[in-house]
Structures are given as structure tokens and as C-alpha cells.
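Here subunit A shows up in two complexes: once beside subunit B, once beside subunit C.
And now, the complex of A and B:
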């Protein structure tokens, strides 16, 4: 078991070398990007072998207006652990990218039930479809909302 | 047969006896006291068989708005979702921006931030117990907490210039220093109440800011004893809250709950200690935890936290060094280097997490807020299932859920 975040990231690299697309490990953020099809395996490994037992947030980002333009959305799972006190000070996030035209990925609610509402929010705000989600429907937006998902960069709020 | 088993037995009988189809009702969205939130509750007889939390009635699009405002003008609107704990909600934003800029605030600013955050935690907890009290039929608690909270709010107003929404934290420090002296009118006003409750008198030496804060802390410490006798140790409350809405340690982890709810289930997780920031590493305080994880434990953990907050404030005000309170006056179109940062702090209701992505411009590319209330939603659904109708208010209020914070 690794207790520093660097060791943890190395551990993941050794286990999922092929799947890891990029890795940022610094004081600002620790983010490990994996392929969309590998995220379930990585998540399962993190939960079962490393004790990361809950999701603190699910962030989606529309990369279409970033400096490095990409027609994709990035989905970041910010993980946390309550069962391993030695990791309480550590931040860890895993992410993957999905096509913006038809964003789909497998839901991680089976692994972390705590991400149910977070994924629902990403669904309505970015239109990402989480497959196998138990209750994928609107959460915060009103029922009469008929525009595109509002946190996409294409959506312009009225008056802006 | 234990109390718990007996409860289970009663529940079974009550579902069995109705002979009617389950009824689905809306609990809310009018909810005096917290903001608008609805629970779609399915009941059979007196038993809740299913609950679906339906947030979003006070969704303001804070995250979208943050992409259109500059780094500095974001601060006043990001604190709006939780005006009671406005320091708590903007704290991680400021920390994350500082991480991106690679700066650290001066020592004095760190202490001032800590004092402000703890004062708001006190104010927020008092508000919580005021409403918790009235919803379980204890009107005195409501009146006491609101009266006392005003003196805490006076103090935040003295430091930050506003009663609740003061936009006090800025990247690289705090907006302004605390005053050296307290206005005579404020001391007179507090003294009136102080004399009424304690029979003692404050003097002119309490016009000094440090002495005044210490007097307020000492006074509140005594007040908490009164609260204990009046509310937390009262039969009315114990009967409504003991063994109701039990959240085991395993379930707390599985559902990813935060704050007092998590600690009441026996997990000693508090960002002020396990992921310390600003002045917290220099201060001595305890993290209260519960054993059973029921509504009563959750309230008592919150109660004990108030005592710890008073301890923190009185230490911080003594230890606070002199010096500048911010690095420099930031221009309104401050530019933040490109990058991504995550920061988390312990707000009044639990862990507050921000993710910020900058593309190097004068405004953020993406701001993600993960507030503690939002993370309590799974617990609301889980705890209310199988409870009785009369148990809905104690369970709901014990979680300290704040709809506006969850909706953003």
C-alpha cells in the first residue's frame, strides 16, 4: 500500500501502463487520465486495492474553447477515502475524455454509489449519457428546459 | 428485544395494517427556513416507503456565471448560495486561485481568515439549531439561537464590513484588516445582553478588539451550557432524536456523506486537521465524533463543534501577528496562469471542494463547486426510507442540509 501520492501514481502506472493517457502530479492537482473504456477497471482497482471509497465530485469540462481545442468533453472523478486515515490529506482524480457529439460512458455508480447525483448533474449540464446509471434523469434544471445542456460552451446565457 | 429491534417490529406492523395503496405526496418545495427543496415521499400508513429528493428549485447557475465574471468579481456571487457561511463557500475558491497563482497570504491574513471562517461556522450552527429546535417543537431554542447569533453576526460585520455576505477573502489575503477598537455603541449593545445573562459588566478595556472577541467567546462558552440544559438534554429533543435515522459507519462511507453527519457516524475526518490550510495547523482543537450515528449524535457533534470553534477563535485572536493582510491590491482584471487546481476545506456543513481550470485569461475556464449539502442527498433518501412521518423533520434537520448550497 502506498501512502504518498507519487507512489500511488507510480503504482497505477505499473498496473495500467497502457491505459494511462496522461498524468499530472503536483501540488495543485493530481489527475490521472485514462481511456474511456478502461475507467471502470481503474476505478475498481482503486476502490478494492487502494481504499478510495467515495467520490467527492464529478466535474465535466467542455474542451471546445480551450487553448488546445478539442471536440471532446473531459469527465473528472474527484476521489476520496474515509477508511484509510493515512490518505486523508491526499487528493486524487481520475478522468477520461468522451466525444462531444455523442458523449457516452459507463456509469461508476456500481463502484461508488456516492457518485449517483454527481453523474446526474453532469448528464443534465453536459448531456453526457452514463450507461447503467440507476436513475439517469434531470436533477437541478426545470422540467421546461428545452435548450442545449447549459454548461456546454455553445450555450450563451441570455444577456451575455 | 433491543430498542432497535422493537422499532423494526413496529414498522412491520404498521405497513401491514394499512390495507391501502401507498400514497405519494410532495414534502415541500415550500420549506420555511432553508430555502426551497422538495422530497417526493411515498407513504404507506405512517411509514415512509420511498423518498426521492428533488433539488433544483433554487438553482442559480453559479458555475456558468463564474465563467463570465473575472477572478475577483466571482467572489461576491460565489458566496451567495450559503450566505450564512459565506466564508466557508468561498474559502476553497480563494485557496485554489492562490495555488494557480503560486502565492501564499501573509501570516496575519491566515489568522483573520480562520477567525472569520469559525465565526461563520458558529453563526451557521446557531441557525441550524434554531430551526432544528422549532421543527421538533422546541420554540425556545429558536428564539435563543437567533438572539445569540446576532452578536456573532455583529462581530463578522465588524471585521468584514457586512453582516453575512462580506466577500472578505481575496486571493493573497483578506480584503481589510480587523479594526483596532470596537465602536462604543456595539460594546454597549453587547454589554446590555451580557449583563442580563451573566450579571457581570464589560468595561472600557473591552473596547480593544482582542479583548472584545475574547469576551464574546467566553460569554458564548457559558451560553452553550445553557443550550445543553435547555435543548440537548431535554426530554422533548431526546425522544424525537435518539435512535432515529441511524447511519452506520459503513453506510456513511458508501454514501460519501460529509461534515457532522460523517463524524457522528464515528469517522474522525475533518479537513481542518487532516488536510490543514492557513492557520489551522498552529491551533489546538478537538474533532468531536459520535458513536451511534443517529439524529441525536449528529446534533451533539454540531454542538460540541461550536465549543471547539470558540476555542479556535480565542486562540487565533491571541496568536495573530501584526503585519500586512494582503499581498497587494489586485486589479479587477487579474490574470491567473493557466492550469488546474483543486482545493478542499471544511465549511460549516462539511467538506467543500472546488475544481478550477484556468486558460490564462482574466476569467476562469471552468469552476466546479462540490458543496457539502449536495453530497448529503443520497443520505436523505437512504435515512428516510422506513422512517415514520413524524421522524421526517428530525432526520432532515439533523443532516443540516441547505438547499441553496446544494443547488448552487
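And now, the complex of A and C:
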């Protein structure tokens, strides 16, 4: 484990402290989980003061059939940086858990415009509604789709 | 004159069903049902002709009957089918990764043009055969069916690769892949493989030639 990644993890702990609900430090990735009320402030700080200037991917996980079952969805933003040369190979992930019954999440499009299409995909594949998103509509699914979002664990594929 | 010459049966039975999620698309369902004979029409044909001659249509009157009998002489039929077999225009329809092998089949190493398989550079309305190259998603299924419907009538379909045959890698647990394209178009030759080697596709082309010439694969 490189010293850079430990320093990064220590920085994050020192700055956000109570806001971080869980933290995972691996070889090339740091993942922190924050609450929905904190995520905008955390994201803004990461962009302005720590140089994480773009979003690589936005994904979600249905935790209802994970090993530790939980009736929630986890939205994960994978951040990348161009301005910090020491963090080029690293990946910082911030995540947030939302209720599965009515998943609502704050959109981070204002902070990183590049997550617009990723959030649209998470919207159609998991049914997560991103508030304040400029153009929240279907991206990949066909227009006549009338089933539940297909990447939820409850979804039954039609098969043959 | 050659209007009904190609297909053995003008009324083709629909083979298979749509995926569940496709039945909501009204246009597609209508397009498929258009090609089926209604029970009324089927009964009428059975009454006027006989069971063995369901494929015969008598709407054109005497002239139609004469041309029908003429082109059913064995020699004439053979020559017509020979002409078809020896100049096949494929449609350039790429749906997935099998198109790489499709392109390799057209290269000078294999050179299918010596068997009358022409380069895929024409319009749909002049084409005879469509090779469905790989996975067909439910969105693409509409386009495949549109392309098939635009082709003039003696037309053949080759299903290339495991995904086009049965869903392949995406069988049974996919939300958007058609489980075999015989749900949407009638298939003449199945070419297995993931993806098939050029030799395998070539074998499929030769099988299709036999099928066109003799009405069956020998």
C-alpha cells in the first residue's frame, strides 16, 4: 500500500470526521460512505480544495440480496483527477445509501457536469430519482419498457 | 412472373413467439401478423385447392395459372433457382461482434465471390439474403424486422453465431436480448459458433446455395 493512498485516506478522515459512515482503503482505491445530507458539501470540497475534478462513473448496487442484507440502494461516484499528478492512478469513490422503497438522491450535476448521463443510466436501471437533475429521462431502455428497472434484484427476466 | 417463384410456401407459418417485453410494441406485432394467413383465408385456400396445394394462389386468373405451371416445369425451376443461387446479394446489417468474422469471410483468402456471394454494398431493396451477425437486442429487433420486410420476395436469412440462434451468452437471464432471431424472422440456415470461423460461415453459405437450388440441403 503506497503512502499516497494512506495520506489521502488520512486527509479525508481529518477533514470530514463524523460525516464518514464507513471507509475502505485498498491498493488503488479509497471509498468513503457519507449520508445524503452531507454529500453535496463533501463533493464540493473534494472538487475545490482537493483537485478531484471529474467523475469517471456513477453506479449503484441493490443491497437487498448482498451478504449483509439491507433494504437500500447504494449510489457510488467514482472520481478522478487530472490536476494532481500523485493521484493519477488512484480512484476515490464516494457513496451514499438511499431507501429502496422510494429512492431519491441529490444530483451532483451542478458540481461535476460529467455525471449527467451516468445519473440518467442509474435512473433507468435502478429507478433512483436524482433531484435537480437537468434532464432526467430514459437513456438506453426502449420507449415501450413497462417493467420495473432491470438491474434491481427483484426483476425477473422473461427468458424463453 | 417471378413473383411467387422463390418461396416454397407463400404463407409462412410464424415460428416461435416474441419475447414478453416485445409484445407491447404494437407496430412489430402488426408487422408479424400481417404475414400470417387468417383462418378464414386458410380455409378458403384449402377448399378451393387441396391440402397439397396450399401454396397455390389463383387470384391472377388464367394467366397466373399458366405462368405458375410454366415455371414449375422442372427444368425452368432449376434454371431460375440456379440463377438465384449464383448471385446472392447480402444485406450489410451489423448487430454485434460476429461482423468481424463476416468481414474476414469476404477477404481474398476465402473469396466467397467465386460462389456467387457478392459484396454487401447494395440497397436493401436489391438484396436476397440477410446475415444476422450476432446478438439482437429488443431495440434492434425492430430494425431487423424492418430490414427483412423491405427486401423483395425471394429472400433468405442466415442466423450467424450462438446469440442469433438462441441468445447464446445472454440466454434466459437477459432483459433486452432476443432469445433467438427465429422469434422475429424465419431463418433458413443456422451457423453455430461464438463467433463462427470464416470456414463455418462459408459452409453456411454453401448450404444456403444447396437449399436454394434443390429446396433442401443435401
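Brief remarks on what is shown
One rule holds for everything that comes next: the second predicted complex is superposed on the first by the 154 of 160 C-alpha atoms of A that agree within 3 Å, B and C clash if a C-alpha of one lies under 4 Å from a C-alpha of the other, contacts with A are read in each partner's own complex, and residues count from 1 in each chain.
What we mean here is this: a residue touches a chain if its C-beta (ideal position, glycine included) is under 8 Å from a C-beta of that chain, and two chains touch if they have at least 3 such contacts.
Every value quoted in this text rests on a predicted model; they were computed, and no experiment measured them.
In the superposition on chain A, A:70 contacts neither subunit B nor subunit C.
Shared-chain residue A:145: touches subunit C; no touch with subunit B.
Applying the stated contact rule after C-alpha superposition, one finds that A:11 touches neither subunit B nor subunit C. In the superposition on chain A, A:38 makes contact with neither subunit B nor subunit C.
Counting residues of subunit A touched by each partner, subunit B versus subunit C, the larger count belongs to B. Once the two complexes are overlaid on the shared chain, A:27 sits against subunit B while remaining clear of subunit C.
In the superposed model, A:157 makes contact with both subunit B and subunit C. Contacts of A:110 after superposition: neither subunit B nor subunit C is touched. Touch criterion met: A:54 reaches subunit B, while subunit C stays clear of it. Residues 141-142, 150, 155, 157, 160 of subunit A lie in contact with subunit B in one complex and with subunit C in the other. Of all the residues in subunit B, the ones that touch subunit A in their complex are 55-56, 59, 61, 63-65, 68, 99-100, 252-256, 262, 267-269, 274-275, 338-342, 344, 351, 353, 355, 357, 359-360, 365-366, 368, 370, 374-375, 377-378, 407-408. On the side of subunit A, the complex with subunit C involves touching residues 141-142, 144-147, 150, 155, 157-160. Taken together, the subunit A residues at the contact with subunit B in this complex read 24, 27-29, 31, 53-57, 59, 61-62, 65-67, 76, 78, 80, 82-83, 85, 88-89, 91, 93, 112-118, 125, 138-142, 150-151, 155, 157, 160. Across the interface of their complex, subunit A is touched by residues 19-21, 24-25, 138-139, 167, 171-176, 179-180 of subunit C.
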